[in-house]
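For reference, the structures are reproduced in the following blocks.
Look for subunit A in each of the two complexes below; its partner is subunit B in the first and subunit C in the second.
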Partner chain A sequence: MKRISSFDDLQALRESAQAQLATRQQNEAQVIVGMGTCGIAAGAREVLGELLKELQRRNITNVSVIKTGCIGMCEREVLVDVVRPGEDRVTYGRVTPRDIPRLVGEHLVNGRVVEDLLVGRIAMQV
Partner chain B sequence: MHELSLHILDLLQNSLEAGATEIMLLVEDNPADDLLTFTVEDNGRGMTAEMAATAASPFCTGRKTRRVGLGLSLLAMAAEACNGGVRIDSLAGKGTRVAAVFRRSHPDRQPLGDLPAAITCALAGEEGLTLVYRHLYGGRQFLFSTSANTIITGSFQAGSPAQLLALENFFREQLKILYGGEQ
Partner chain C sequence: MGFYRGHVLVCGGTGCVSSGCREVIAAFQDELRKKKLDQEIKVVETGCHGFCEKGPLVIVYPEGVMYCRVETADVTEIVNEHLLKGRPVARLFFTEPLSLDKIPRYQEINFYKKQKRIALRNCGYIDPENIHEYIARGGYDALAKALGNGGPATVLAEVKASGLRGRGGAGFPTGTKWEFCAAAPGDKKYIICNADEGDPGAFMDRSILEGDPHSVLEGMMLAAYAIGAGEGYLYIRAEYPLAIKRVQTAIAQAEELGLLGENILNTGFGFRLRIKEGAGAFVCGEETALIASIEGERGIPRSRPPFPAIKGLFGKPTVINNVETLANLPQIVLHGGAQFAAVGTEKSKGTKVFALTGKLRNTGLVEVPMGISMREVIFEIGGGTFEGKKFKAVQIGGPSGGCLPESQLDLPVDYDSLTGAGAIMGSGGLVVMDEDSCIVDVARYFLSFTRKESCGKCTPCREGTLRLLEILERITGGMGVPEDLEMLEKLAISIKSTALCGLGQTAPNPVLSTIRYFRKEYLAHINERKCPAGVCQALFYYRVDDHLCVGCGVCAKICPVSAIQGERKQPHHINMSACVKCGACVERCPFHAIIKE
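Up next is the complex of A and B:
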């Protein structure tokens, strides 16, 4: 990389980095696992572990695995949200490690919502 | 919570939700003194003295969605059931340290459980987090830091499933060595 020698250089670098980050965020799918006390007690650690293994098995690299805290629907934990770029955020409930291959294969890869685990959808923010 | 490692994961998540960028986890397994202790210390936003004093109560929470918070109260209950307890020290704006002590041989003491999976889970997706993990057993120790680790060349990427799983296996092997094949 070119050496930064002026304020303008720094600003140009900042702009290009921001553009790169924005492209990445737009193109990257997300899987969000509820990791509050309720989620942990319901088995969120095992669900996240299986998710990592499934992504590795399928050699999927453009997905960010994110955790979130309690969202107040503790009785439906483990809650897992799947967000494909440009699509609605889909929330699944009572997810077990055994459901992970379906969530990844059906929804994340092929874009088909897994209806029997569905809790709700949040429309994409424009 | 049926394993101590799940309580540890809960504490690590508390630290992350408090905006911590540096977390130190210390596990002291000391059969000679019949004690099992773990401490999670962070540089998160901390709590006021009043909040810290009541943090272990189920009716105290920093959250706005509900009026109950169970994580620390469950930990306190588990520790007190084993003649132990929980100590919370916090400074607003500086960070928090939570220490839990258990009588190791107490029949109600939960097993440590799958600590490698719990730590990997805490690290997942947390770019920019420095975690130091130190585990003592019978005069030996295992020390790990995300900022200087030996198994992953280059910088640790918290978003990479392959790196996280490699790390989990590394923890598993190292703990096996630390415990000399027992446990």
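Up next is the complex of A and C:
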């Protein structure tokens, strides 16, 4: 470990350490990946792996990545839901690892829904 | 280090270690490796969550789902279902004792919902052996703030404004203590952390040292800076090996980062820390005895004044603070004394950690705002006594405290109202008793503890506690005489006013408070030769009800001293001169034919 010799050093160390702990925050922004048997068979694990890499590349730490079970639409797996704070929950279908940069860049970061993968929306509960 | 999408936090406090968390951690690591999830999910060993009753506890983030009593056999299911497929395992959720609801997220459990965590804010949330996690939670920010702007006087002013009082038992205002020491002349000053936690049933200090050691180190540094000390000692009892190990790790990591040692953060402030292992004498929690012990002398108290703040360790001005007091300090300095003072009552500010034990459903460690009623702590957080058992009394403050009956439960919990009721805040042990506990026997137990722990230096404590114990043993032994009660009270009051240190001055409290609230029970022992709770062995006997007994012979077989005789299919009888009153026959009899009276 490097010795800390100033207040700025301490602050810098704190920021890098906070990124490691971000997973333990209850974030409002979420990406939910369908991980039922159907999802896994359709390649959900690869999608999830790519998603984690993409978040790391962009240094996004305030998003929770959550797995969920089958919701019944197995035909459209891999299903990925993106939730931005205060907005509708948007479901995407037949997602492949190649689509991940678009989902993250367009929707998660900039709030623009990726129409060609869209399956449906669930209105935010008020 | 990579980015992990999930964290599995396994409690590594002493309670969970003994219920097998180490094996659970190993099983998680193994299973995650097998499923190739070890690059996605991190396993972290944390300190105590406080809910030791339900351990080993596992919390999975980002969802914040808590699993109770996890065994190695459950690990595969959690990994397969929850971590791989995203379906939390409902079977292992906490079940609320009254409503029987399964609750996945620990923040929603009554046990946690009512708490306000300041001293315990990081316990169970961070890895205590990783300084980075403490820093990420705002650790050492208070130190940077103190060193950067303001200087010692500002730290002192914030602590005074917070109204923080010593959490070790006596409740002396921390700021005032520091002020005395800061003003005392001396070329060298010391700060000591009192981690000689000795009250039966209390374990908050151990949990803080195990779960968040850096908060105590930072608290000591702030105290040292405020009073002008350059050296500090942590006096930890040797019975706490895990706490000692984690504090050693914390000191080593802080030194490596330059947060301990010379010229901290380039400000010229230097601070060194040493650990002194105590041999576990109760009296060494008393500050002058503790100082003697660090100096290498026998751990016996001396008369005060001079107070340690003027003439303490090696004759130098010394501040001694309790672990929990110190753990509060970083939050006070960081957010200001006023914010801390907003919590609690007029004279008792902030929160207090209580160790809930005894006959209630949810035992463990809870931190609640001062002024909360005892009823809320016992019945809402603690879940109340077990099915069908009536609450009888709560013992608060350990061997120096007192027993409070149901009528006193609505008392707000703060230093002054507890003292008024005949108990003390103490270090915060809460032992709940139901109708099966005998009050006289409880008083006898605590007296036997203080008598053994009395150092023997002053006569009132050495001889007085022995005499008190003799009288109590006489009463529980069925030989009490009517004058005993008066004698107990007289003796107790004179010990209280003449003993040298806190141990002797508070040792009669259990006797006085039980006589005050449960006089009837004493009288039943003395006049009627009866123990209403059926605990005191000399005051009850067993007999077989001839009408209920069918002569099955189960009791005769189980009796360890062969005191039960009888022909098969004929009513049996108990030979009372041989009976040791173990109660084994009562538990076994299928016809409830053995009666205790």
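We take it that the second predicted complex is superposed on the first by the 99 of 126 C-alpha atoms of A that agree within 3 Å, B and C clash if a C-alpha of one lies under 4 Å from a C-alpha of the other, contacts with A are read in each partner's own complex, and residues count from 1 in each chain.
By our rule, a residue touches a chain if its C-beta (ideal position, glycine included) is under 8 Å from a C-beta of that chain, and two chains touch if they have at least 3 such contacts.
Not measured: the values here are computed from a predicted model.
A.B. asks: Between subunit B (first) and subunit C (second), which, if any, makes contact with A:Asn110: first, second, both or neither?
C.D. replies: So A:Asn110 meets neither subunit B nor subunit C here.
A.B. asks: Thinking of the overlay built on chain A, is A:Lys67 touched by subunit B (first), by subunit C (second), by both, or by neither?
C.D. replies: both
A.B. asks: In the overlay, answer first, second, both or neither for which of subunit B and subunit C A:Arg14 touches.
C.D. replies: second
A.B. asks: Touch check for A:Arg3: first (subunit B), second (subunit C), both, or neither?
C.D. replies: Touch partner of A:Arg3: subunit C, not subunit B.
A.B. asks: Please indicate which partner A:Ala41 is in contact with in the superposed arrangement: first for subunit B, second for subunit C, both, or neither.
C.D. replies: A:Ala41 contacts subunit B only, not subunit C.
A.B. asks: Counting only touches as set out at the top, which of subunit B and subunit C does A:Leu55 meet: first, second, both, neither?
C.D. replies: Both subunit B and subunit C are touched by A:Leu55.
A.B. asks: Subunit B or subunit C: which reaches more residues on subunit A?
C.D. replies: Looking at subunit B versus subunit C, the one contacting more residues of subunit A is C.
A.B. asks: In the superposed arrangement, what residues of subunit A touch both subunit B and subunit C?
C.D. replies: Overlap of subunit B and subunit C footprints on subunit A: residues 35-37, 40, 48-49, 52, 55-56, 61, 64-67, 69.
A.B. asks: Across the complex, what residues on subunit A touch subunit C?
C.D. replies: Listed in rising order, the residues are 1-7, 10, 13-14, 16-21, 23-27, 32-37, 40, 48-49, 52, 55-56, 61, 64-69.
A.B. asks: Which residues of subunit C touch subunit A in their complex?
C.D. replies: The touching residues are 1-7, 9, 40, 42, 61-64, 83-87, 125-126, 132-133, 135-138, 140-141, 144, 148, 253, 256-259, 265-266.
A.B. asks: Which of the residues in subunit B end up touching subunit A in this complex?
C.D. replies: 1, 6, 9-10, 13, 16-17, 63, 65-66, 69-71, 74, 114, 117-118, 120-121, 124-125, 159-162, 164-165, 168
A.B. asks: Quick one: in the complex, what on subunit A touches subunit B?
C.D. replies: Residue list for subunit A touching subunit B: 35-38, 40-41, 44-46, 48-49, 51-53, 55-56, 61, 64-67, 69-72.
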